[in-house]
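Accompanying notes for the structure given below.
Naming follows writing order (A, B, C and D), and every chain is counted from residue 1.
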């Protein structure tokens, strides 16, 4: 995983709007008028949805306020959503976990190594198992027993903390509870899940057993935005690993967990660097 | 694709039977008694089915007959199926095609380059389009128009030629007709299809369109033995390629066709080198 | 390999100049003023060389002349080199070969399949072996025996044809002659070679034997622009394949040739779609 | 990374000797006579060195002693080295580190997760930085300042601990000191290093800077046995990752470190499962 480029005087801009001629010229004009110099620009016009997506990096601004003001001045004419951020600013992140440590460990290690621009404001869990791992990395850990009668209460506690801590991203790092439709809606566009399979493919509880039974030669993992339509949210990242007939379900699980960890961390990085956009049922990813 | 190792005095043995102690010792003993020297040995005990599979390469025999006799002498005691072949002998192969040239071209080029040990006794098609390609490579090409009324007739023509030419392998190289259950049964264990998708996954007529709509980040292809259960036969080989949001259905199709070609050729190579075994709904592959 | 996007009314623009603020705004302004609509834009500022590179796709122009005129109007102020082309126009290509067919076959097959936008105006060789392959694909083939006394003459024949046929790209598809410094200079920036190794790595005559002796676990191929500094030209594309201890030099060669074919074809595609730029000793590739 | 198969009554046997007919039959005969049942067998005859290598897994023994005795009975006749071990027994391992945490963290996490059969008896370092990481995983950590005058003393301390704790494997997990020829000899065949480059390729201090300057499209890592010939020891495992022109040296370093971690851990797993053999300047790896 590459470290993020961080710069106090470099800004990242995302812009989305209905497609029409003249957008790039107008947006880059606003940057120039605010004294900025473009260092990266990526754009995509979706023929499926008619939407236009753009990501820019800009440096040498006199101030971020000037750039924001210049862009907000022209956004209404395009019906655009615009967002300006400091490049590499750590994104306020909550991680939800259960018992499995591999994804949490990989996320926290990469954060500690300066390679994942996240500020982990809380780890919440329905099990106590991962408290020590969180403590080692110096992040807050909170757990509550969750059953049918307390699930709604736990979800409300999550949403309260999201609100209180101004959480920008919720990561489901092998969190073994299905979110309620209400939760999915509240967190739409800012909640990433790791699915332990190459989607479309094996869904449900034990994909590695299914993979073994079907005798596949590759197994994979899928990181996607969470929607109320289980396992069907827009895909951010996928990876596979080669396997063979001699491997047991336990071995497939071990290989699969490595793939889950790296795929989830990569999706989180892409999100935090403002490289992910939702385009209907798909994503646009500017690498 | 690596060229096959070919040797006039090196033999390849496959053996399968119910698992029990002492098999390897007995089989290698038979080889030693026939004057042979083992150069490769791979074996696998399937805990799913209780079956035992083995592949050996043996050289320095006084004669192939001696080895065969020695092995056939001990096989009944194990309830074993045994097969002895000269290493690298071209396998008598029929290829079925329709209009798409990519898989046929890749198979014939690799055969001509001495990298695929197949003897293509016939290419049969329900369309005339690929006649020139077959002619360039000097292989027989036969086509007939197939519709509902003539399908059975064409299948019978195929089976007649399979019988007449002692065909050992039938390859469906993007043959766009569904084989009848009767055909599937007749060709069981010696018919390989290329499915234009990573299975399990998108089934049916246009998986690349489905892949585009779902926004997957990887597309793939699957080579499998044909059974009457469509797209569910034992998987021999799978590969994937990375794709992104900007690629059209036509571009996904192009990338997918490359993956189809190489995946099918690899599966054919594994079969012809006697490296593939069917184990229930799965395969055992000795690479 | 994906098919090229082709469109009679879509244009591709490349632009390179010293880096400074305002370039994107100025160039997109010229596009807007000429009535065009951007569908793709990629740009990169090289901190190593201080150069700026950009590639755009533009549609809905009233005419290509208008766009060219608009861009040429602003280019001098930026010290820019600008190039406008119709998207997907086949590039006039000469292929140089010797005896090995795999790269030539892969290039011609992909061209015939409509996946490689090249117009092969000539195949020239120092051996007669591949005449039939060229004939099957309907392209001109010319061969002459080349030895020390006739090498200069053959190179002059190549350069004459390059000039006569207005060749835009020369592809060395396993051409086993070292080009003279004069040739390298004449073809600078428009001549692509495939090196049968992962560079840096094994150089010289038989890298697969060296790979075997060193016991590497991966072998690869490198497509690069030709310069007079042998095997050191800017790298366009690289790929690797996994190998193991049991594979012979002949098998490594077979696997390596597949990698050479696909890597060279990919590099040619990138060039023909105007996605490759030379930046000092490196390349900038807009995928 | 798959978890090791562990079994109290399953044994793993390695055998190496000069190649000759009858080895497999004799060895499997010894297994049968000791009451064992083969579950895995892999063998390889090296045409380069004339050596024969074999790995077996055997279960249902009355005792490990019986099997060992039976094999030792026949070994002298073949000039063979034979080794019997309990499948999945943790291998006594010392890890040498300096400041970089990524490889150590990955090894210890995988050990804690039950996926790497190592018993880490000591982490020794020439810097104090990684003490906390070792403590979190509950392993002994010892550091001493190493300079020209104390290097020999530190090496002796390492060798003393290797002897005292009966260390079977020494892992150089980004240990930034060159071992003396004496150390290399003492640890021959049981010391694994991770080289931060795809070998052969960029050697020396900063391969990621060299990779950037050369503009390669793939970067890699190589795990190899340590010999006194720096960076030239037999290669156990290699992996690569794709990179592009836009990535800085810092980003290449980040990507490279992930590859280093996983490649080193995989090599350690292969060693601990007795799947690695040295064959002259190469390795034989039974996966």
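The definition used in the following text is that a contact is a pair of C-beta atoms (placed from the backbone, for glycine too) under 8 Å apart; a residue touches a chain by one contact, two chains touch by 3 or more.
From a predicted model like this one, the values you see are computed outputs, not experimental measurements.
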Next on the checklist: By mean C-alpha position, what chain is farthest away from subunit A?
Outcome noted: B
Checklist outcome for this item: Contact tally winner between A-B and A-D is A-B
Checklist outcome for this item: Separation of the C-alpha centres, subunit A versus subunit D, in whole Å, is 36
Checklist outcome for this item: Chain centres from averaged Cα atoms put subunit A and subunit B apart, in whole Å, by 41
Item to check | In subunit B, residues with contacts to at least two other chains | outcome: 40, 44, 246
Checklist entry - Which of the residues in subunit D come into contact with subunit B in the complex? => result 20-25, 28-29, 31-32, 36-45, 60
Next on the checklist: For the complex, give me every residue of subunit A touching subunit B.
Outcome noted: 44, 46, 198-202, 213-218, 220, 234-240, 244-246, 279, 281-285, 287
Item to check | Parts of subunit D lying in touch with subunit A, wherever the complex brings them together | outcome: 1-3, 5, 40, 101-102, 105, 109, 113, 115, 136, 246-248, 250-255, 257-258, 262
